[in-house]
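What follows is a short report on a single structure.
As written, the chain order gives the labels A, B, C, D, E and F, with residue 1 at the start of each chain.
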Amino acid sequence: MANSKTSKESKVVMTELVLPNDTNTFGNLMGGRLMYWMDIAAALAAMKHCGAPVVTASVDNISFESPIKLGNVVHIEAKVSRAFNSSMEVHLSVSGEDAIHQYKYKSNEAYYTFVALDPNGKARKVPQLIPETEEEKKLFDGALRRRQLRLILGGKMDPTEASELKALFEKP
Amino acid sequence: MANSKTSKESKVVMTELVLPNDTNTFGNLMGGRLMYWMDIAAALAAMKHCGAPVVTASVDNISFESPIKLGNVVHIEAKVSRAFNSSMEVHLSVSGEDAIHQYKYKSNEAYYTFVALDPNGKARKVPQLIPETEEEKKLFDGALRRRQLRLILGGKMDPTEASELKALFEKP
Amino acid sequence: MANSKTSKESKVVMTELVLPNDTNTFGNLMGGRLMYWMDIAAALAAMKHCGAPVVTASVDNISFESPIKLGNVVHIEAKVSRAFNSSMEVHLSVSGEDAIHQYKYKSNEAYYTFVALDPNGKARKVPQLIPETEEEKKLFDGALRRRQLRLILGGKMDPTEASELKALFEKP
Amino acid sequence: MANSKTSKESKVVMTELVLPNDTNTFGNLMGGRLMYWMDIAAALAAMKHCGAPVVTASVDNISFESPIKLGNVVHIEAKVSRAFNSSMEVHLSVSGEDAIHQYKYKSNEAYYTFVALDPNGKARKVPQLIPETEEEKKLFDGALRRRQLRLILGGKMDPTEASELKALFEKP
Amino acid sequence: MANSKTSKESKVVMTELVLPNDTNTFGNLMGGRLMYWMDIAAALAAMKHCGAPVVTASVDNISFESPIKLGNVVHIEAKVSRAFNSSMEVHLSVSGEDAIHQYKYKSNEAYYTFVALDPNGKARKVPQLIPETEEEKKLFDGALRRRQLRLILGGKMDPTEASELKALFEKP
Amino acid sequence: MANSKTSKESKVVMTELVLPNDTNTFGNLMGGRLMYWMDIAAALAAMKHCGAPVVTASVDNISFESPIKLGNVVHIEAKVSRAFNSSMEVHLSVSGEDAIHQYKYKSNEAYYTFVALDPNGKARKVPQLIPETEEEKKLFDGALRRRQLRLILGGKMDPTEASELKALFEKP
């Protein structure tokens, strides 16, 4: 196993077509169906990074901005944004495309976290993640803050000790 | 349309069986499949509350604790926890059950937010939510704090102005 | 394994949303899709009662009264109504709900019978069923008559010996 | 619309392969999945007979004898057995086949009843059914008795007036 | 294992209903969904011929003539047309049917080729195919020419050595 | 509508995970399921090129070389290789990936042809395709030969007039 890998090496591009059974009564893609596809894309990115089976540990807050319509195309791009000891944060970017009108629009962004498992189902070490581009570096840096938030929301960290997050709430 | 309704009136109980296609290579329910079912259960609870079509606006941080196994049963309970102007926060509680060993275990909790739409797809007012039990009141109170967090994470509120949240990060 | 259990302990509540692929050309839920969901709900109720894997042995006459429409909600409630030596009769009650118009309607009732199996796939004993409410007692009593009918229809009992059923056809 | 048609003209032959998601924990086809396929095969037979859309009105008692295994083939044969005013009874015969061992076995038989609808969703007249072979004549004759049973079970006929059925319960 | 079998013995008839999720934006059956059903029908025909598991080796050029509409019936008929050493060519004939208008139309024809495998996944011998009817004999004879074409297209035969095919391109 | 577009502009990358229901008894991806995904990927590429709805007109000979296993990843890359009057040939390249063993392998290549339709379902003109790279130029040139083969196989061209193809069968 390599000790470190770039973000680019884990990149997964998924393309899906919105079919009738994927839509609500307005003919828009249901949020749950999109989260299902995002989970698979993100898991594949995490597996490419660590070369081991992975399980979804958590999903960060997702906000659905522009609905994707029946017959439109869903583009999902997933890349590992930071690796911790045995877990990996994956950044997802989703856009819709109306191929008839040649119009592409941003739908939403999200972060999924996965844990790598050994054959007995125990957590195992993963390679470090090396960010290269400016955007990758920004995602890498933000990952610490998001991790503190996850720990607080999961009841595993006391908010007063989350120094990175705390700073956000204080006037300069 | 009633001006207010109780939390209980919106309650939805969903039961699903984990089939082979719902599982990862460890024979555990995939996180994405579970989020798909949760989205439908939560949307039904929101529709019962407002009597109008709804769309998923956001999903809060979800942490997957205990995996649910192939052949086990998934129990999802969804109830509106608070109504705002045209949106509703739905609280979801998920547990797994091994019917053979008569063993039921908590899997995870989550909050999904929905917006009610009129026939033209514009947001419309929804009835207020009246919490009755102790647990419903606690969920109702926490909803404000979670909403501030959603607005901050969505870039729609300045953290220094989220007074409710801010208090959490300050030592007494 | 307990020697006897109440009907209530086996209760399963399933909620499904009617999606496009579940409907016929009139936009109504297809009977076969409903019977599929009923089979799973009933199997789960039987498994909760006996704590063992079960297989569908038979389905009694089902009559479909009110069609359930696309976008409506399907409510299925299943409870063991009587246990025999190694088989269990499960009573199912199905209703539809138009969440937009806040209107709930009865769709149909049915009885599914399951056999409990040991790890080698042989039939095994199941706990007795204790009915508690008036309705549960009525279902419990009727189970004998329905069982005679199943045996006759399956060619395993001579109609002239089905004393319970026979009585129904005789003027007082 | 023809005034009458033969049973043979409505014949539908359906062949399906049992895939992982169709099976229970024993690797056998779930009863509910089979009833779903049977419903579609029977509906197609009824549509061929009447040349109009149809809806499932009822399903008679089904008994599942031999389970069909994962990877085996399901053969469903459906034919209208008798036409009434606006409804049609369809006879179904199901067998399994293990193509590797070149072994075919009977699984079960069933009767589904359909109602023909006009474009406004009202029941409409259907052509009479002409049985030709010995087997078709036997199914045609038995249809009256099964119809009395359906009416009694649906609470629409008093058992003491079901003369055809009643005779079965009396010693010669 | 028999040394030879007739074409008729391998015949498989499959009937499917076109549901919403099977269609493109014109409400016509998607080509890919049809090829999926054809693959299963053809595999079953090949398995009936050889009594062993099979894998799809290749699919010949398919041309989609008449689209099959939502709510219409798909009829697929598959029969082994010729057996080679360890492979079998299966001929498929597909038609659509509008049951309401009692109108049946040819959709397309195709040839799928399968290889029989032993329990270790190695190719194994299959029985010879005996064509009986005029049409079966014509399909049997054409199989050699189609096989040369497959080998050329797969880069496994030099076109100048495909004597059967070459003749087609030469003026008499 | 642009008069011409590059091949690159139509590129679609699809990534899928092989789930239990996609596999045959050897745990390998079924050919029919793969052809279903390929059809969607190719249709999306064709729609991106012409900005109009498309229907599958034909699929060229596909040969399945390396089976893709359960739990592996399927990579499909589709690009328009040549445009004719109202039809487009799409080149597809499929590979499998075992993410655990970090091993990627070529599975197969194919050509699907689509026709662009106007709102009345009639064929309409499409932009010309401009190949840029060496590989794109080779695919562009070969398209004429493959088209002749399609016309001959579809009975719409006399082999003796297919000068491009004919040359292949003649010794230099």
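Definition applied: a residue touches a chain if its C-beta (ideal position, glycine included) is under 8 Å from a C-beta of that chain, and two chains touch if they have at least 3 such contacts.
Everything numeric here is computed off the predicted structure, so don't read it as measured data.
**Q** Tell me which chains count as touching both chain B and chain C.
**A** A, D
**Q** Which chains make contact with chain B and with chain F at once?
**A** Touching chain B as well as chain F, we find A, D.
**Q** Relative to chain B, which chain's C-alpha centre is the most remote?
**A** In terms of C-alpha centroids, the chain at the greatest distance from chain B is E.
**Q** Pick from A-F, A-E or B-F: which pair repeats the contacts of B-C, with over half of them the same residue pairs?
**A** Repeat interface, by the over-half criterion: A-F.
**Q** Could you tell me the distance, in whole angstrom, between the mean C-alpha positions of chain A and chain D?
**A** About 50 Å, centre to centre.
**Q** With centres defined as the mean C-alpha position, give me the chain A-chain B separation in Å.
**A** For chain A versus chain B, the centre distance works out to 20 Å.
**Q** Approximately how many whole Å separate the CA-defined centres of chain C and chain E?
**A** A distance of 43 Å separates the two centres.
**Q** Check each residue of chain B and list the ones that touch at least two other chains.
**A** 20-21, 25, 40, 43, 53
**Q** What's the complete list of touching chain pairs for this entry?
**A** So, checking each combination of chains, I get A-B, A-C, A-E, A-F, B-C, B-D, B-F, C-D, C-E, D-E, D-F, E-F as the touching pairs.
**Q** Where on chain C is chain A touching in the complex?
**A** Answer in residue numbers: 19-21, 71.
**Q** For the complex, which residues does chain A have touching chain F?
**A** For chain A paired with chain F, touching residues are 12-17, 40-41, 43-44, 47-48, 51-53, 73, 99-102.
**Q** In the complex formed with chain F, which residues of chain B make contact?
**A** Result: residues 20-21, 23, 25 of chain B touch chain F.
**Q** Show which residues of chain D lie in contact with chain C when the two form their complex.
**A** Counting only chain D, the residues touching chain C are 24-26, 28, 30-33, 35-40, 43, 53, 55-64, 67, 112, 117, 121, 149-150, 153-154, 159-160, 162, 165-166, 168-171.
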